[in-house]
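Both complexes shown next keep subunit A, but they swap its partner, so subunit B is in the first and subunit C is in the second.
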Partner chain A sequence: MTAVIEVSNLAKRYREKLALDNVSLSIQPDTIYGLLGRNGAGKTTLMSILTAQNFATSGDVRVFGENPYENAHVLSRVCFVRESQKYPDDAAPIHALRAARLFFPNWDQQLADRLADEFQLPMKRRIKKLSRGQLSAVGVIIGLASRAEVTFFDEPYLGLDAVARQIFYDRLLEDYVEHPRTIILSSHLIDEVANLIERVIVIDDGRILLDEDTDAVRGRASTVVGDAAAVDAWTAGREILHREALGRVASATVLGRLTPEDRAGIVDAGLDLAPVSLQQLIVRLTQRSGDDAPAASPLAESHGEPLSLTKEVR
Partner chain B sequence: MSRILNVVRLQLVNKQTWVWIPLIVLGSALALSIVIYAMIPSDGPKYGGAGQAPLWYFFALGLQALTLTFPFSQALSVTRREFFLGTLLTAIGGALLLTAMFLLGGWIEDVTHGWGVNGYVFRLPWVWESGPLAAALTYFTLALFLFLVGFTGATIFKRAGALAIAVVGVGVGAVLVGVVFVITRFELWGQVGAGLAGLGALGLALWGLVAIAVLAGISYLVLRRAIP
Partner chain C sequence: MIDEGRPLFLQIAEAIEDSIVDGTLAEDAQAPSTNELAAFYRINPATAAKGVAMLTDKGVLVKRRGIGMFVAVGARDILLRERRTAFADRFIDPLLAEARTLGLGEDDLAALLRERAALAPTTARTEGNRA
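Take a look at the complex of A and B:
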């Protein structure tokens, strides 16, 4: 498969901060990506450069093999609604959706209407008067109904309640199955989107920390559950990402792929394997990267020692 | 091309900005002028500048055409070039419409002898002396020029922030003061006055078209690197 987006050695420097540092990526078609990272990690900057809304300081971006800047042919196949998207003051959601329909060739009005209904979006209220959640719903509807070949969702759920978020995840998956396309979902509700995303890109302090299949990421760690003493005995000498205990039962997440001997040992010790929380894994990963690169010199050359976790990626 | 026309439709989503407010400005300026003319106890023809109000509104329109719609146009994957051309097209359409109204107003004032009170808002002799076509060109140029001043200013602000707009403003002011100084220093005011009078409304309008082209070029270049 040819990549829909190729990024090489991308850098973006704001006056005193390097927002993106030597980012190279290849985004495959018909895949749901999770773009994960802390606030200010560079997620929005990256997405806005990929959609030619912002400009790179150096490096190269190809979308469908072409430079997206001022390229209507490429851009009409791409949709990026920002988390803080501004809409015309006088417009109501109905106008915003009508406008979106003009510009996205694959626009599905039925889907838009249905989503508006499900999100209980007041179509004729002026956008200025919408709540934060309703504003997010406008962006989500544009993103889904545009059916662009590459769709970016930048923290699309801000202000949406749990029910509305679930509607978003469900409709996204449904529509994706019927109309496969590339979706890049930036989020810090990692566990909520963990079942949705097929591939994980973790960005931290402007650098790509991880770019891997979700399942492979999960395989990097294991959670064992059972008698606290047995858990502690088995985890001794391993790197523990997370441990919690309730009475005599403990669960511990340890780093590293399990060997057959490990699995045998777990069974012998009377322990069980449980699913690993992607969120814990990624939080831990991001924290460790923070320890490695002292905040005092964010502009220093890329850190010397790659993390053991990310070694295979590089 | 269809995407550029769609930008026109996108701009016109702001119905209040593009339609209702200018109509209110025009209508109330006219109504107030007529009332004032009626109160002036003079039989001679009375002229006023109230007709300028909707023209000046085009400055605000230029500002808003960028600030209200550019960020959203980016979310709709519109290129900057498409946005620029579509917005310019909308402004030209708006200026043409306004010109038509001014012509119509001038014609009504001619027929009704200044709304029955010998007062004129549209049919100003200085503008109309070379005929309705020249008057039309004057109104059109002025509206479009003011639109582009607003649009260019907003674009510079979007691209480079408040400081840049202040620097540009001060720069333009300094140049104007410099020109005034030179004219005064060399005692050229008489010639300048004669020159302007010689140009007439039509000549000024033609120079206005040149200024419009320059502003359009500047705003496009600035917009090309603007970030929503």
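Take a look at the complex of A and C:
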């Protein structure tokens, strides 16, 4: 399959801060991606450059094989739902949806109506007066009903309660099944989206830390719990992502898929094995690269030299 | 229902296998489609497809063009054989090992098994007594 988006050696500098540092990736068609990372990692910058709403400092971006800047042919096939989308002062949701309908050739009005109903969105109230959740609902509706070939959702859930978020995930999956397309979902609620995303991209401090199939990432790390001495003996020589101890009991999260021998060894040492969720793994990985980690992440192939650690202390 | 840390497609495949083993999904019956699985488990359809593909490779599901996926005739036997072996590896081997350290012979073990099974008739619903 040819990629819908190709990014090579992309960099973005804001004065002192290098927001994107030598980012290369390729986005495949008809795939749901999770774009994950901490606040300020560069997720929104990356998405806004891919949708021609921001300029790259250097590097190359191809969307459907073309340069997206001022390229209506490309942009009408791409939808970017921003976390902080601005609307005209006196606009109501009904106006925002009408504008979207004109812009996106694949717009499905029935779907938009149905979603507005499910989110109980007041269509004629001025957007300025909407709650944060209702504002997010406007974005979610536009993102889904546009049926753009590539749709970016930048933290689309802000202010949405658990019920509304579930509606979003369910409708996303439902509509994706019927109309496969590329979805790029940026989220901090990793556990909530872990099962929806086929591929996961983790960005940390402007760099791609991980770009892999979600299923391949699962089981990439494990936590062993038990007597501190036994934990240390078993983890010796392994890559430890995180270790904590309470009295004589320690818990260590180690990187690497466990072999049957590893498992047998854990049982023999009297240790317990706990799975590591995608969210926990990403928290550990991004935490570690923020500390003075001795080596660069072994998970990222694109990532030759050690991280430059000149950033602020978090 | 879904547990972390194990590949999702494996869990989907196992869920289908469970229904075949316990008879809810009969041989020759139509299996749930990839999209139905995706909607039910709220997972990515590509993941569900991977789980289904694993079962077709194993000969547990067969594809009928234009109609969908069906449970293969003989699927339950395949699965029972597989699970019987897995059961023995997982439970019987450690049981025997522990019995040996306690000085229990095979007959003692068999007697013990019968004794315990008689005490807990309602919990004796394992794959072992179906196989």
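A few remarks follow.
Simple rule for what comes next: the second predicted complex is superposed on the first by the 244 of 314 C-alpha atoms of A that agree within 3 Å, B and C clash if a C-alpha of one lies under 4 Å from a C-alpha of the other, contacts with A are read in each partner's own complex, and residues count from 1 in each chain.
Please note the rule applied: contacts are C-beta pairs under 8 Å (C-beta built on N, C-alpha and C of every residue); 3 or more make two chains touch, one makes a residue touch a chain.
It should be emphasised that the depicted structure is a prediction, and the values quoted were computed from it without experimental measurement.
In this superposed model built on subunit A, subunit B and subunit C occupy separate space and fit side by side. Of the two partner chains placed by superposition, only subunit B is touched by A:Phe55; subunit C is not.
In the superposed model, A:Thr31 makes contact with subunit C only, not with subunit B.
In the overlay built on the shared chain, the residue A:Val138 is in contact with neither subunit B nor subunit C. Shared-chain residue A:Asp170: touches subunit C; no touch with subunit B.
Legend: residue contacts after superposition of the two complexes on their common chain; A:Gly219 is shown touching subunit C, with no touch to subunit B.
In the superposition on chain A, A:Ala99 makes contact with subunit B only, while subunit C stays out of contact range.
In the superposition on chain A, A:Leu196 makes contact with subunit C only, while subunit B stays out of contact range. Contacts of A:Val254 after superposition: neither subunit B nor subunit C is touched. Figure legend note: subunit B and subunit C, brought together by superposition on chain A, show a least Cα distance of 27 Å. Common to the subunit B-facing and subunit C-facing surfaces of subunit A is no residue whatsoever. Contact residues of subunit C toward subunit A in the complex are 2-9, 35, 38-39, 41-47, 50. Subunit A meets subunit B in the complex at residues 48, 51-55, 70-72, 75-76, 78-82, 85-91, 95-96, 98-100, 102-104, 139, 142, 148.
On the side of subunit B, the complex with subunit A involves touching residues 3, 6, 9-10, 13-17, 68-69, 71-72, 74-82, 224-225, 227-228.
In the complex of the two chains, the subunit A residues touching subunit C come out as 31-32, 169-170, 173-174, 176-177, 195-198, 214-215, 218-219, 222, 274-278.
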